[in-house]
Amino acid sequence: MSEPGFTDLGWARPDTAREARLGLPEVVYGPGKSVEQIVGIVATLLAENTGPVLVTRVEPDAAAAVLARVPGGVHDPEARLLVWRRAAAVGFALAVVAAGTADGAVAAEAAAVATAVGLTVTRISDVGVAGVHRLLAEQERLAAADAVICIAGMEGALPSVVGGLVGCPVIAVPTSVGYGATFEGVTALLAMLSSCATGIVVVNIDSGFSAAMAAFRMAHT
Amino acid sequence: MSEPGFTDLGWARPDTAREARLGLPEVVYGPGKSVEQIVGIVATLLAENTGPVLVTRVEPDAAAAVLARVPGGVHDPEARLLVWRRAAAVGFALAVVAAGTADGAVAAEAAAVATAVGLTVTRISDVGVAGVHRLLAEQERLAAADAVICIAGMEGALPSVVGGLVGCPVIAVPTSVGYGATFEGVTALLAMLSSCATGIVVVNIDSGFSAAMAAFRMAHT
Amino acid sequence: MSEPGFTDLGWARPDTAREARLGLPEVVYGPGKSVEQIVGIVATLLAENTGPVLVTRVEPDAAAAVLARVPGGVHDPEARLLVWRRAAAVGFALAVVAAGTADGAVAAEAAAVATAVGLTVTRISDVGVAGVHRLLAEQERLAAADAVICIAGMEGALPSVVGGLVGCPVIAVPTSVGYGATFEGVTALLAMLSSCATGIVVVNIDSGFSAAMAAFRMAHT
Amino acid sequence: MSEPGFTDLGWARPDTAREARLGLPEVVYGPGKSVEQIVGIVATLLAENTGPVLVTRVEPDAAAAVLARVPGGVHDPEARLLVWRRAAAVGFALAVVAAGTADGAVAAEAAAVATAVGLTVTRISDVGVAGVHRLLAEQERLAAADAVICIAGMEGALPSVVGGLVGCPVIAVPTSVGYGATFEGVTALLAMLSSCATGIVVVNIDSGFSAAMAAFRMAHT
Amino acid sequence: MSEPGFTDLGWARPDTAREARLGLPEVVYGPGKSVEQIVGIVATLLAENTGPVLVTRVEPDAAAAVLARVPGGVHDPEARLLVWRRAAAVGFALAVVAAGTADGAVAAEAAAVATAVGLTVTRISDVGVAGVHRLLAEQERLAAADAVICIAGMEGALPSVVGGLVGCPVIAVPTSVGYGATFEGVTALLAMLSSCATGIVVVNIDSGFSAAMAAFRMAHT
Amino acid sequence: MSEPGFTDLGWARPDTAREARLGLPEVVYGPGKSVEQIVGIVATLLAENTGPVLVTRVEPDAAAAVLARVPGGVHDPEARLLVWRRAAAVGFALAVVAAGTADGAVAAEAAAVATAVGLTVTRISDVGVAGVHRLLAEQERLAAADAVICIAGMEGALPSVVGGLVGCPVIAVPTSVGYGATFEGVTALLAMLSSCATGIVVVNIDSGFSAAMAAFRMAHT
Amino acid sequence: MSEPGFTDLGWARPDTAREARLGLPEVVYGPGKSVEQIVGIVATLLAENTGPVLVTRVEPDAAAAVLARVPGGVHDPEARLLVWRRAAAVGFALAVVAAGTADGAVAAEAAAVATAVGLTVTRISDVGVAGVHRLLAEQERLAAADAVICIAGMEGALPSVVGGLVGCPVIAVPTSVGYGATFEGVTALLAMLSSCATGIVVVNIDSGFSAAMAAFRMAHT
Amino acid sequence: MSEPGFTDLGWARPDTAREARLGLPEVVYGPGKSVEQIVGIVATLLAENTGPVLVTRVEPDAAAAVLARVPGGVHDPEARLLVWRRAAAVGFALAVVAAGTADGAVAAEAAAVATAVGLTVTRISDVGVAGVHRLLAEQERLAAADAVICIAGMEGALPSVVGGLVGCPVIAVPTSVGYGATFEGVTALLAMLSSCATGIVVVNIDSGFSAAMAAFRMAHT
């Protein structure tokens, strides 16, 4: 049943008006949804909207099953992302910077989502602050960005240093990399919220997706 | 002693190169600094930089003592902000939205800082989600904003609703308003980080300043 | 051995007087009990009481084994509920409202328990606050309810909005849906306890059962 | 400025439609509001609504200043409550039960708010579970209630025992009474949420107000 | 190498003087030890001491392997306890009281350890406070005890009620039974430490062993 | 009104049967009670019971006001304790051992309460584990005790060492002495609950009173 | 009474053998001690030992009162330290590095304690990571140190960067500078424990004293 | 691509200048890295540096796969450590002291890392404070050490006692040994940070590696 602004599938109500309000169709959060449910929601969004349709955190088996029934999409296994109708580039340069190689999956999600919604992504990896010259060697690429996504686990110090080097928006993503006193990302989260660099903003732990969507909002303005 | 990029006052090193890197002189965090120290740092920044100089969280007595020695500044007592050389407007529309009247001091700080660095601020007050029609009546003003700062204590739900209404950046500020299970802003902080609205970004508890600086970064891009 | 008010099975003492005191036989909490133990307790309650007998959180295999020895019951696999002697409807309209599709299992438990004890249940699904028009479209069904159970994970904002729309009791159930800063339902729990909507009451995380029993108490008055 | 559903005072928007939606005018939360602000909001609510108007957590001095400008109200200093146009009794019997004498202020607030909105209150004091015969001696009064508010600090065990004695709704209020491992009410809050008695509902720490409003919702059905 | 007071096995130093100081040989904590290690330590303790030797938290396979090499011991699988040279009864009556059937494993450990070191144990099961008459029916057995071990999960209220009924020592054991806001026993632990009944003492979560050893110390006096 | 087992003063119900059940009249917790309330409860307990009557945590002014109206009591200002009808010695030797001089107030409360209820107290002070020879020099006095109360703040290690030296009951009391990572006694509390010495029991932070009452229960057996 | 290894003052036992074991007399922790007590302990240590005697966290009034009775000492008000018999320099170069000016009091304590026990201190201030060039400008002084104490509040990132620049020991001190999500130093503490720089060690929040003593141990080797 | 100070492998940037700055090549953290990645980084470090190359927390299968491609290394399965080019002894005596046998894996990692970087290690095992004579019997070996690593789970008391016996640096390592209130090492961590022994330093939970690296920094001075 289609009502103004959403389609009532009984067990779900895809918000078909979101594209008009926010500039992007509703993004589907994959976990906890069956293939059947993902198919139903994606089909609705493809039919009722015109922009890119994304499903996050989908493993290869589920992705293949969905794609068999809703062709035309692409699955990025490292980013765990399904995308139909990838957007054209809007001319917004996004740097995705990660402190360590273990932060790679989160960086991959951020980069893939950002690309799918039309941002132009540059990736800089393994520039943790214990060898700060590695980051300083990248100042030129950082200065060219319209926004920077900073990904770090452990003590989460990277955004504080980056935030002192560039004036553009810095979106900090804590990751659950580490053990013991890192508390699965909580330490990095708190550190980023407490940053001495001004104007740093923070999203949820391991959420490369949220960071990319925040960048999309900035590009959208 | 002036070195490349900072001035060494012995007890402090104002980062005089920050204006060149970030587009704004270093902002002085007031708490824990004596009048003497504030005067010294502000004088250095005014001399070495050309943009606006701000001191945050300054009470009236300290403000008067500082202004007596470094004239030309203005103190906003509600925002607890000292400003010299307020910036010209850069044409970036910022909406500062607060859930309740008790969130007023945080909203005042956000608005005053944003104005001082050149943003154009609109304030919307007392639109908590328990009477959601009050927020819906403001959709037009929200749609006109380049970015929205959403301020809320208690359960911190406001950014989730606002984030579903507008496509521009939404910067969420949790406040320490409430008692018991609000844990002085921690509940609102966690709720905002967990928002079901995509791309919401979060700053530290009660930090109207951080939210304004985040908006400045966005305007700067 | 039967004593006044309970039956001593040695390893358990079913509270056979609970039906007289509370209007409903003791409900059996399934986890940690063997089939043997469930059978013993259910048989006692069926013999000593006359109302509905429920066992919560029972998986299909255990359910089948119990039903093979105590016939006449029904297992609802989604709600993980075993019921014997379902109650007749008492004329109390309960709306079970869930923010997202991932909250479905908790909603199913709430609905199944409520139905088993005689309430009349209406379900409203996927009305999260990031697309608040979906909820506003359901105001009529909400207004017809004698009580509303509001189920939400992540930031747990739904009960605040619902509580501002209806005057009947609103029972909030936080769920463990989400990751990172949702802390397996703790964030939603705290947010619901901190709600700016007045008179919202809260039960334990993921406890559709507790919410339904709270509604039963209200219907019982 | 009066808009449909609220009055925009600039710094506040009293939700004048709340009475129509919920059966009671918006209640004013006192802390953080100036006398000026309370006067403005109360005057609006008295003018635009017809039911009782309440301001919570008001100390005597502020209460006197407000009453001097908005006559006709009454201040209850123990409950810290200001009331105009107390409601007529609606025939709903509410028992307010407190574990210890130190829980008295919370019980007073619950009782005063409930009375102001039309409930008929009975108070039972000092029936902590370490002398459980004191509670058992009150079973008759408990059985006569349409709902019970159970107030306890320390280990918060009272609602579990009461919930096993009566079938009507039990609204548990944790208090900050105690020291050390009571963590200012957190222990009692968690204990009440974890109660082995079924269908207990919980409100915020020290919030006699929330408990009374929850009872009002039940009476309203 | 045997030194005064301990035997140095290289990887372990069984404290062979503990029996002389405390009246009982060192008890071996099983987890994290190989069969080889348990055998070595037990053999040392049997050789150097004369009292009962216990190994806690041993699963059946490991127990069988140890007993094959150090005969004469007995394994209690429910209590997960290995015992050699069980002590003669010392005439100390211990009641082991558990709130629910799910607390059975902890109660079994407490009872088995206590019995092994010479206490005389009585068990009372499933007397949770939501049906307080079940506990009141056992007052005679409780009054006959020299000490009571009170085991409860969820809100951990049982020791508060028992502590108000008997004057002998009450040793409270929180268990990890429950979900959500029980936080794997933390809620019960805090509640027991905050008990309004005077003189209740508390041991670690799920530690039937610690409670039994505390009772042994009391019997020893 | 006197009912079986308690006296209903309206605002309080002294549990006059507690002396018969537990061997000691109800102890009055001072904080949050007015002089009027303390007088009323103490007078009732003195009239209805025959044993010692205690009020804890009373400051000098309140103590003087109470004693002016209920003569015959004694106030110990260091222990903050009011006592009427101190008990005769029952022949139970209690050692009160404190790690540092800053733990003195807690030790004073433990000693004063224990003495008031008939135990014979020995005090050992400033035997923190960083100079363990100071404790080892006291082994004789420790060995003579029927029970030991171990009081420590900071890392709370004292009970672990004492528990390895003596076989009698060891009651651990964490104190709020320390700063930073001591978290006002929480660290010591957790350390004591986690002690590698077997059979240590723990009471609430800073509660010399609870420890003394636990010892009284042991003496009572 | 003087016993081997300590002097029993009744209320305290100064550990007079500590100087022989550790190379430094016991240091007196000031808070919670009366002037009388400080005088007694200091006099004992001066008489029984030959090295420097220190009392930490003493405010000016108490310091003056103590010095009037035990002459020869010096009070440093910024460091809140009392020192008698300052040690001769042992030739160990210690750098005390602080992230912000608000960390000054902690740095002052670290420097004063270190100097008193014979270390040679260099101070570097206001080198927070948001302007990392300020720290890089000090690499020469850092490289000359035998150990570095790194003091930082907020996100506590400084030790991670310093630890990547120098190979000598880095002792991290979290401070309670900041608000909201800094949780009075807990965030910095956790960040320092989680540092990606290897071999960083951490002491308690705000404990300049502990850091200096750790450096003393290193110099002592 | 080799740049000054690091080699850019694209997905990683081994910090090849670290050996020059810190005296030891970058150590590779194994978890989350593929065999391919470990091989690439190790090969780079072996080529660009001359000192020992270590990979931590590598399980046997991965170790074998790496060694097949980068011969010349050695795997220690208990320590989970891979080492190429073990350093010659530098004449620094390190004692690795563990409270219990269950702390063995952490002690093994500390000892293996320390040995690989040139320290001379002595191990002392199973000297928990509940039998403190076992530790006192080792005072001679402790006194001979240049630094002591103290490893303990549960209440983490060992460093406090050791710190009072020796004057050299004491590096405390909390372990996750224990259950319930030990909170997987958090209790031991907090206890060590709160130690009453002066100058104790602390590293992350279970991090034998960090402790060894801290000792290396001390030896390096």
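Letters A, B, C, D, E, F, G and H mark the chains in the order given here, with residues in each chain numbered from 1 onward.
Please note the rule applied: contacts are C-beta pairs under 8 Å (C-beta built on N, C-alpha and C of every residue); 3 or more make two chains touch, one makes a residue touch a chain.
On a predicted model such as this, the values are computed, not experimentally measured, just so you know.
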| item | value |
| --- | --- |
| Intersection of the contact lists for chain F and chain G | H |
| Maximum centroid distance from chain D, chain identifier (CA atoms) | H |
| Duplicate of the F-G contact set - from A-B, A-H or B-C, the pair where over half of the pairs recur | A-H |
| Cα-centroid distance, chain F relative to chain H, in whole angstrom | 44 |
| Computed distance of Cα centres, chain F from chain D, in Å | 36 |
| Where chain G touches two or more other chains at once, by residue number | 15, 18, 100, 130-131, 164-165, 180-182, 189, 193-194, 198, 204 |
| Pairs of chains, among all present, that meet the touch criterion | A-B, A-C, A-G, A-H, B-C, B-D, B-G, C-D, C-E, D-E, D-F, E-F, E-H, F-G, F-H, G-H |
| Touch list for chain G against partner chain A, complex | 99-100, 128-132, 136, 154-157, 160-161, 163-165, 178, 180-183, 186-188, 190-198 |
| Chain G residues touching chain H - in the complex, by the definition given at the top | 15, 18, 21-24, 27, 146-147, 164-171, 189, 193-194, 198-204, 209-210, 212-218, 220-221 |
| For the chain F and chain G complex, residues of the former touching the latter | 100-102, 104, 125-127, 130-131, 133-134, 137, 177, 179-182 |
| Residues of chain F that touch chain D when the two form their complex | 3-6, 10-13, 15, 17-18, 26, 29, 31-33, 37, 174, 176, 185, 189, 204-207 |
